[in-house]
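Naming follows writing order (A, B, C and D), and every chain is counted from residue 1.
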Amino acid sequence: MALLGTVTVSHYLAVGAVLFVTGALCMATKRNALGVLMGIELVLNGANLNFVAFGSELLRKDNLGLDGSLMALFVIVLAAGEAAVALAIALNFYNNHMSIDIDQADDLKG
Amino acid sequence: MTLAVDAIAWHQFFFVMFALLTCGFAVGVLFSGNIVRMAFYLVLSLASSAGLFFLAGAEFVGAMQLMIYVGGTLVLLIFGVMLTAQDRFISLKTPAGEWVLSLIIGGTLLALLLAAAFRYEGWQQAELGDTTPTSSQADTTARLGLSLVGVRPDKLDDSPRKAGMSGYLFPFIIVSVHLLVVLVGAAYMARAKKRTTTTAR
Amino acid sequence: MAASVADQRVIEFDVRTDEMLVNMGPQHPSTHGVLRLVLRTDGEVVSEVEPHLGYLHRCAEKIGENLTPRQWVPYTDRMDYLAGMNMNLGWALCVEKLLDHNLSDKAKHLRVIIAEMGRIASHLVGMGAYGLDLGTFSPFLYAFREREKILDLFEEACGARLTYSYLTPGGATADLPEGWLDKCSAFLDQFEPVIQEYHALLTTNSIFIKRTANIGVMDAEMVTDYGCTGPVLRGSGVDHDLRRDGEEIYTEMYENYAFEVVVQKDGHYPRDHTYPPVPKEAVLGDCWHRFYVRMLEVVQAIDLVRQAIERYRSADGDWGIPIKLTQKLPKGEVYLETEAPRGQMGFYLVSDGNSIPRRVRARSSCFCNLSVTSDVCRGALLADVPAIVGSLDVVMGEIDR
Amino acid sequence: MQTTLVDLLTSAGLPDPLAHVIRALVPCVLIIHLVAVGALVFIWLERKVSGRIQDRLGPTRVGGRFGWLQTLADGIKLIAKEDITPGEADAMLFRIAPYVSFAASFAAWLAMPFAVGWSGLDMNVAVFFVLAVLGLEVFGVILAGYASGSKWSLFGAMREAAQVVSYEVPLGLCVVIPVFICGTMNLTTIGEMQRGFATNWLIFHDPFTFCVFWVYITCGVASVNRAPFDLAEAESELVAGFHTEYSGLRWSFFFMAEYGSMLLVSALAVILFLGAWHGPIPIFSIGLGWTDAGGILGYLASLAGCANLILKSSLGVIVMIWVRWTLPRLRIDQVMTTCLKYCVPLASFCFLGALAWQAWIPNVTPASLPAPFGIDRAAIRESWVTRAGGPHATVSDAQLTPQTASPVPTTLATQSVPDRNIPVAGSTAPIGREETP
């Protein structure tokens, strides 16, 4: 533990960065529509971690205060909404293509 | 307080534990091929990050994360099972080239972000001594609730004209309406128009 | 008909999923033995049901062609093993019809007592098991508690509790023992009020009504087309009961008994007892009505047994000496159907003059009753399948033989 | 304030980290035992009660006349049984699923108080936390259903998912009512505010809480998958539903989870509606005055309160058992209908009603109800809120929660709740309640 020193905002940011990058990679590499959705969730969660860290009174005196938590709340709620719509889209896509491989979503290709 | 000194060690211990779990399972999501396992790892990752929220003193956000985010993923999972019920062991493989490219870009991005995270000195100063994980601050929940309806108990010493006010009532209402619309829309979209499709075919 | 897939309601909240083939049985808690149903399901909606039989086939009919009629009686026990007495009776009457054997009045009344007690026991199992199908366990044990008492009585009369071989061609293997009739009436007096418990737990229970009313509806035309018999037929409002409409050799057993066929006529059931009212959700021919008919038949059977006990006491003649084991059969063929608890059980016998019949066949009521499943279950929900199959009250031993 | 366990241990010469570990392990071990032993007891009880209901005796031999040890014997049998993983199964998820269920059921207990100060984790958002974690139990079930590689299991899992996700809505609505009546999400505070005679219990607070209690019980039974809502394991339809393919110890973990959450749901009902650790007659708190006495007497009072809570929760479990052995099972669409067409509107109606009651009949809110023996509920709540921040009260608390009431914030707030003093003084006061008596 001593090697880490005190836990600071930076450490939270680092964890957030890892989540963000893994999420982004998920979005890039997964061919399953639901996998892409999960990537989005990870990205949002990484961002959330940053908000909470900046808003935390336990980590830093000069914090965002409630704004951090509030932004995180909004992100969570909107992510739930986003997931609902994305799932509906995935479902419709599956109904039409009998597959959830997003590489097949090329109907609009000229 | 001798107690507080040791408590810091615990805080670090739990932070490292939750951080490792969060990142580890996130990587698990990335490298797993099976959609249900991905969802399972995602749940664990999100739940561990809820632990990080608790550590940061955002109890309400943490509980919210557990309830909504994780609950939302649950639905993801169900859909995952439903949509792949027949060929559940078939994983959609990504070409190796794409992997390499993405990993290079991702690694660069990660390096950049980490550098940024540790660059600013101010972010690395822990100015508060007491970070005992069990120490609850005065109820953040009520203050969050008040903020959402437009009262800011933590901003009372601002300029007198705007004392205690925040701009969060309006976003809150917008988000509420937005959510309602989203739910109605999603329910409408998800309904299969089977009869029309069958007649079209 | 239950809601079919073409039904608008189903489409309305349908999310497209892939169809699944599911095996329900032969090892499944609610298929009443070893029935196997292959279900094609779309989510919870069942689009096709295909019953598969034959897991309990024991060549009973073929064996019958190597045994004398009296030797074959134990095999009839094992057909509908929940109503062995009624199976015995059917076979006995069939052989007697060939022999043109005349029974004394006393023997006839004895047979009525035994057959109706068998009907009560059988319907008790049907009722309890139906509760089990719908997910409630207690009525099952309540039913078995009373059935045990009937089995005790049977045991006293013939020594067996399940495979009685009591009623044989020519009469019965023995007379009813001393004091049996009193015990039987005491049982009936104790049993009659208990039926109210069953009505409270099942018949009038609102969840039960929700699960059974308007489910698996079969109209009169459909049941007659499929050749359904017994409570399944009467539950659809067809006024047919072999105890009244059968052949003479069978109906003369019930001559001068006060009884009315349990069937809904002009919108109501026979009102010689106080029954719970028919709920307004129930449609004639649904699972609830089939269940209800069974419950009413239990009450009616109690009445019949009471009458039979009276008559048996005062009747003259003997209790019916069985025919000799190797009695030569006259040449000819004969077919007789009787009203077993689950429907019309028919026995067919061809004799070429030997003591061993040339051909023996059985017509199973449950076989015909079961044949409706694929039609009725189409478009029903998965949970309705046990409800429908349970309301048909099939016994696989009788179907496979 | 009081000497904590950590202080005690460190004064006994243990190093600090060890003392903390022990302090953390004590509630964990206790709660694991509560869940595990609770499962043993309730399975035995279920057998006995169902036996009595069905006119038979139930277990009579193992461990004496009443078969006390029957479940233990069965547990040993289950441990000894072969642990089978089907060939078609996704082995990793299949193995892990029962533990997920059990862990969720167990973790929710961490935030449950058993008496004042007797909780694994004294959280400000305890209600929310308990509900959230309890909702995770369904994960194990879904994973089990999917990973078993059996269609019946899949059916069971899908049903469970649909059911639990739907019933969380009315359950949440029901739980919110006591929360806003008490003005806190802290279960200890909610419990403490019901101190006194049974008339103080929140179920008797107003007609709407009385109604919503029954809605809560219905939804609670549904959310822990008990008959008549046990669709996920409906044995007459789905063989055994999600645990069809399980055997041995893993199977028993599902059962421990089920009984753990049954007790949890009914303990939550007791804390939210039925006076928590307070009996109908306040013998310990007011009659003897032990509760506030501290020391060994206070400990005894807490112990009695804890026993009281567990007793009342067990009664709830017995009701669930009774219902299970009486009623037939609903169909899945009827379960959803019950939720969406009856429970949700009823809960919403009660929510609005209780809100209106709070607004228009303010004299009967817990804070100002003519309380017997001079109990001042508002003061209780305040004292608990300060205590929650208490030992560790930090600079930030002092900064962020000004102790003096500043002038009423303008516009938005006052418009939204007219005629109310906006409570900014206390750290937690919700809008719509008088701050101080």
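Operating definition for what follows: a contact is a pair of C-beta atoms (placed from the backbone, for glycine too) under 8 Å apart; a residue touches a chain by one contact, two chains touch by 3 or more.
Source: prediction; values computed, not measured.
Enquirer: Just to be sure I understand: going only through chains that touch, what's the smallest number of steps from chain B to chain D?
Expert: 1
Enquirer: With centres defined from CA atoms, tell me which chain sits nearest the overall protein centre.
Expert: Nearest to the common C-alpha centre lies chain D.
Enquirer: List the centre-to-centre spacing of chain B and chain C in whole Å, with centres computed as mean CA coordinates.
Expert: Measuring from centre to centre gives 61 Å for this pair.
Enquirer: Please tell me the distance, in whole Å, between the geometric centres of chain C and chain D computed from their C-alpha atoms.
Expert: The mean C-alpha positions of chain C and chain D differ by 49 Å.
Enquirer: What is the distance in Å between the mean C-alpha positions of chain A and chain C?
Expert: 63
Enquirer: If you average the CA atoms of chain A and of chain B, how far apart do the two points sit, in angstrom?
Expert: Result: the chain centres lie 6 Å from each other.
Enquirer: What are the residues of chain A that contact at least two other chains?
Expert: In chain A, 57-58, 61, 65, 91, 94-95 touch at least two other chains.
Enquirer: At least two partner chains per residue is the criterion; list those residues in chain B.
Expert: 9, 60, 64, 75, 82, 85, 128, 130, 135, 137, 140, 143, 154, 190, 192
Enquirer: Which residues of chain C are in contact with two or more other chains?
Expert: Residues 15-16, 20 of chain C each touch two or more of the other chains.
Enquirer: Going by the contact rule set out above, which residues of chain A touch chain B in the complex?
Expert: It is residues 1, 4, 6-26, 28-32, 34-35, 37-39, 41-42, 45, 48-49, 52-53, 55-62, 65-66, 68-70, 72-74, 76-85, 87-92, 94-96, 100-101 of chain A that touch chain B.
Enquirer: What residues of chain D sit close enough to touch chain C in their complex?
Expert: Per the stated touch rule, the residues are 50, 53-56, 151-152, 155, 227-228, 230-231, 234-239, 325-334.
Enquirer: Would you mind writing out the residues of chain B in touch with chain A in their complex?
Expert: By the definition above, chain B touches chain A via 8-9, 11-13, 15-16, 19, 22-23, 26-27, 29-30, 35, 38-39, 42, 45-46, 49, 52-53, 55-58, 60-61, 64-65, 68-69, 72-73, 75-76, 79-80, 83-84, 91-94, 98-99, 102-103, 105-107, 109-110, 113-114, 116-118, 120, 122-128, 130-131, 135, 137, 140, 143-144, 147-148, 152, 154-155, 166, 168, 171, 175, 178-179, 182-183, 185-190, 192, 197.
Enquirer: So in the complex, the part of chain C that touches chain D is made up of which residues?
Expert: Result: residues 20, 22, 28-30, 44, 131-138, 141-142, 145, 201-202, 205, 207-208, 210-211, 381-386 of chain C touch chain D.
Enquirer: Which bits of chain B are touching chain D when the two form their complex?
Expert: Touch residues, chain B against chain D: 2-3, 6-7, 9-10, 34, 36-37, 40, 43, 47, 59-60, 63-64, 66-67, 70-71, 74-75, 77-78, 81-82, 85, 88, 128, 130, 132, 134-143, 145-146, 149-151, 153-154, 156-157, 163-165, 169.
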